[in-house]
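Please find the structures below.
Common to both upcoming complexes is chain A, partnered first by chain B, then by chain C.
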Partner chain A sequence: MILRPRAEDIAVIGYHLSRIILGLGLTMLLPLGCAFLCGERGPFLDFLITIEIIFVSGLLMMQVCRAVYESGKKKASAYEKSIDSLDPNWMHGMIMVALSWLAAMILGAIPLWLSGHWISFLDACFESMSGFATTGLSLAQDLDHLSLTHNLWRHFTMFIGGQGIVVVALSFFVKGFSGAFRMYVGEARDERVLPNVINTARFIWGVSFTYLALGTAALWAVGMKNGMGSGRALFHGACIFMAAFDTGGFAPQSQNMLYYHNYGMEIITAVLMVIGAINFRLHYHLWTGNRRELLRNIEMRVLFVSILATFIVTAVGLKTGGSSYASGGFLVLLRKGFYQLLSGHTGTGFMTVYAEQVGKEWSDLSLVGMICAMALGGAVSSTTGGIKMLRIGIIAEAFVQDIKKVIFPSRAMVEQKFHHIKEVFLEDKTVRASLMVTLAYIILFGIGALAGMLCGFGFIPSLFESTSAAANVGLSCGITSVGMPAALKVIYIFQMWAGRLEFIAVFTLAGFLLAAIKGK
Partner chain B sequence: MESKNKIFNSMLGIVWEVSYALALMLAAAVICVIVLLVKI
Partner chain C sequence: MRITLRILTVFCLLSAALAVSCWGACAGPETVSSSSLLTDPGLYDGRTISFEGEVIGDIMKQGRYAWINVNDGRSAIGVFTAAENVAGLSAGGYKRQGDIVRVSGEFHRACHRHGGDMDIHAGSVTVIIKSAAREELICPAAKKMAVLLAGAICLLLISMLYGRLRKKR
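Here is the complex of A and B:
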């Protein structure tokens, strides 16, 4: 029998959700300050209105939830603690995370919609979810004339979403509570760097801010060397850094990275993309002296092999398909072929070619190579999307174990180990968990591909775009545009959301809603 | 002294991470050459 959730459960979820929403409102002070400093009056008002909406709705929600909880407590004494000191359980934590991301999408879309550069509120929501989920697919109109403030917000959503909305709230705005770990896990961060989840969140920010300083400085220098003014080069450097390190893929100009057409920019962003695809736990070990871990870690080994293997497929596809990149010589193949592949594999979505070129010029084989790369993704507990390297490594080790069991004498004990920070014995439950998530991703890719085909697009382009959305990549072969059907936009939004949260929080929310409808 | 060590270790960590990315690009460059040279 399914039990219907109590009003107190909804109140606990709503109360903590309102705290996260208020934290999100505070992050909008950055674009607000930018608008003030740049003298952009319209964008200043857009953000001021949004912040007011967030604070009014957040505080109202907080008070209503508190009142509902207190009245429920008096009647049934379901929970004895006050709502402030009550630790959310696993169900609360997961649902809070799932709803936080939806709330962030809607609230983050308001200033974008008010700017007039997005045709509908749905388009603005698409852009907002694409930013928070670090995807990079864009429906902006006349991006080249978008205000600095709105452009900064687009990229800042990637910086927030890459680290995790809950991580932002835990680090800066919400005082620690023991339910924090449940929310942290719900955001697809199943590995703690440090024993305390708040310290883990702060370490993640430490790494991010260090690279923010280094990456922005490097991109700023390259921009100035190429003739940009210092202010403009700094703005572009900061935006490109946020999109590269957080494996997002937005760029300030509509031509994406092709706009710069510069070796320096491409090399720096390629390095940042790879660093963004590294597990934060591995960052911690490398930064604390355990540098051999880089060579021994299963994820880093699989990532290296996987990137090169998928690149071979793509490069061969480009050559046999008669692409101009292959006939253009070694450097062209590296800059156009490998850059796109690396961008796809790390889940970034930066492009140095036009989306239409990918759809029309790239052969099916090269697109299949790209689809595999996008689906595989980077490391777990990084800013990337996709199936992730640890799971691929575990599944590969399980295959080896099974083959050994067949080959070795029946009495032989076959124990498979892999190295991930420490030596780990391969257990059936670990393999099962990896296979479950992999299967869920494959189904998600398939749903989007089917939807694309129902809208009249071919199989390979539909699968390409669907994988790009669900694995939070952002590469496009031309399907994502303002003119695509609204239903497809909604499906891509769902894919970005479910793919970023790695399903558990989404399934918990679905179960909660089902229980609310059918429960007794 | 301890904080100096911390900063030094962090910097070395960054150098290793950047080296990994550069090694990846170098390997990709080799693949490019091989793919272009081999007749397919």
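Here is the complex of A and C:
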């Protein structure tokens, strides 16, 4: 029998959700300050209105949920504590995460929509989810005339979403919150760097801010050498850093990375993309001097092999498929083929080619190589999307173990180990969990591909775009555009959301809704 | 004789008209849109073309050469040219409409000199319309909305404070 959720459950979820929403409102003070400093009056109003809407809705929600909880507390003995000190359970935590991402999408879309550069609120929601989920697919109109404030917000959503919306709330706005780990796991961060989850969140921010300073400085210097003014170069440097390190893929101009025509920019962003694709636990070991871990870790080994293999497939496809790079030298293949591949594999989505070129000039073989790279993704507990290297490594180790079981004598005990921070024995439950998530991703890629085909696009382009959305990559072969059907936009939004949260929180929310409808 | 003269006159006039139209066509290269360049890049690869649009973003001067990006309303294409050709150009952004220019030069589907970029190596850059400031349109209703919402927040905060004080008592 399915039990219908009690009003108190909804109140607890709503109360903590309102705190996260208020935290999100505070992050908008950065673009508001930018608008003030740059003298952009229209964008200033857009963000002021949005912050006010967030505060009104957040405070109202908080009061209503508190009142519902207090009235329910008198009847139910399970809720003895006050709502502030109540420890949310796993279900509460997961639903809070799933809903906070949807709330962030809607609230983050308001200033974009008010700017007039997105023709509908759905398009603005698409952009907002694409930013928070670090995807990078864009439906912006006339991006080259977008204000600095709105452009900063687009990139800042990637910085927030890359670290995790809840991680932001845990780090800065929610103090002493005991249900933190449940929400942390809900955001697809199932590995703690440090024993305390708040300290883990703060370490993640420490790493991010250090790289922010270094990466922005490097991009700033290259931008100025490229002939940009110092102010513009700094702005572009900060935006590009946020999109590269958080494996997002937005860029301030409509041509994406092609705008700069600069290999220095491409080299720095390639390094940042790889850094962003590394597990934060691995970052911790590197920061504490354990550099050997980089060579021994299963994720890094699988990532190296995977990049090499998918690049060979893509390069052969480009060379033999009659693309315009076929007659170019190895450098052309590196700047166009390898850069796009690395961008796809790390889930970034930076492009130095036009989406139309990918759709029309790249052969099916090269697109298949790119699709595989995008689907595989980077490391777990990083800012990338996709199936992830640890899971691929575990599945590969399980295959090796099964082959050994067949080859070795039946009495032999076959133990398989892999190195991930420490030596880990392969267990069936670990393999099962990896296979389940992999299967869920494959189904998600398939749903988007089917939707694309139903909208009249070919199989390979549909699969390419679907994988790009679900694995939070952002590369496009031309399907993503303002003119695509609204249903496809909604499906891509769902894919970005479910892919970023790695399903558990989404499934819990679906179960909760089902219980609310069918429960007794 | 008269008929022959008339025929000759008509023939001469037609020839002159044909020559003028041919000269007109040969005087400048074909003006191509970004849509055509992206849809069928192979057709224009290595050919001298003319491309018109707004200079956007930055004028990136690097020694004797410079990069600009020209947007014709659909897509922007990179233009590589001599630095002297971009002197005095203004690029567009949020507060400014950039110069509308006509660039003429060789189109590359995948320029080997520039790592495979799709670009135009322009011999000339001509300003058609000078840049101008863009007016910031602010909806009066937005100002009213901001004031109303600020009032709502104040009311909410007062009610919360009042509720807390009542609880304490």
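Here, the second predicted complex is superposed on the first by the 520 of 520 C-alpha atoms of A that agree within 3 Å, B and C clash if a C-alpha of one lies under 4 Å from a C-alpha of the other, contacts with A are read in each partner's own complex, and residues count from 1 in each chain.
What we mean here is this: a residue touches a chain if its C-beta (ideal position, glycine included) is under 8 Å from a C-beta of that chain, and two chains touch if they have at least 3 such contacts.
These numbers were taken from a predicted model, which means no experiment stands behind them.
> Decide which partner touches more residues of chain A, taking chain B and chain C as the two options.
Residues of chain A touched, chain B against chain C: more for C.
> Could you say whether A:483 touches chain B, chain C, both of them, or neither, answering first, second, both or neither?
So A:483 meets neither chain B nor chain C here.
> Which holds for A:307: it touches chain B only (first), chain C only (second), both, or neither?
Only chain B is touched by A:307; chain C is not.
> In the superposed arrangement, does A:283 touch chain B (first), chain C (second), both or neither?
first
> Taking the superposition as given, does A:329 touch the first partner, chain B, the second, chain C, both, or neither?
It touches chain B and chain C both.
> Quick one: is A:456 in contact with chain B, with chain C, with both, or with neither? Answer first, second, both or neither.
In the superposed model, A:456 contacts neither chain B nor chain C.
> In the superposed arrangement, does A:338 touch chain B (first), chain C (second), both or neither?
Only chain B is touched by A:338; chain C is not.
> If you lay the two complexes on top of each other, which residues of chain A touch chain B in one and chain C in the other?
Of chain A, residues 329, 333 contact chain B in one complex and chain C in the other.
> Can you list the residues on chain B that touch chain A in the complex?
Chain B residues touching chain A: 9-10, 12-14, 16-18, 20-25, 27-29, 31-33, 35-36, 40.
> Okay, in this complex, where on chain A does chain C touch?
My answer: residues 40-42, 45-46, 48-49, 52-53, 55-56, 59-60, 63, 114, 144-148, 225-229, 232, 253-255, 258-261, 263, 323-325, 327-329, 331-333, 335-336, 352-354, 356-357, 360-361.
> Please name which positions on chain A make contact with chain B in the complex.
210-211, 214, 267, 270-271, 273-275, 278, 283, 286-289, 291, 294, 300, 304, 307-308, 311-312, 315-316, 319-320, 326, 329-330, 333-334, 337-338, 342
> Mind listing the chain C positions that touch chain A in their complex?
Residues 38-39, 41-42, 45, 54, 56-62, 66-67, 69, 71, 75-76, 78, 80, 92-95, 109-110, 112, 114-119, 134, 136-138, 142-143, 145-146, 149-150, 152-153, 156-157, 159-160 of chain C touch chain A in their complex.
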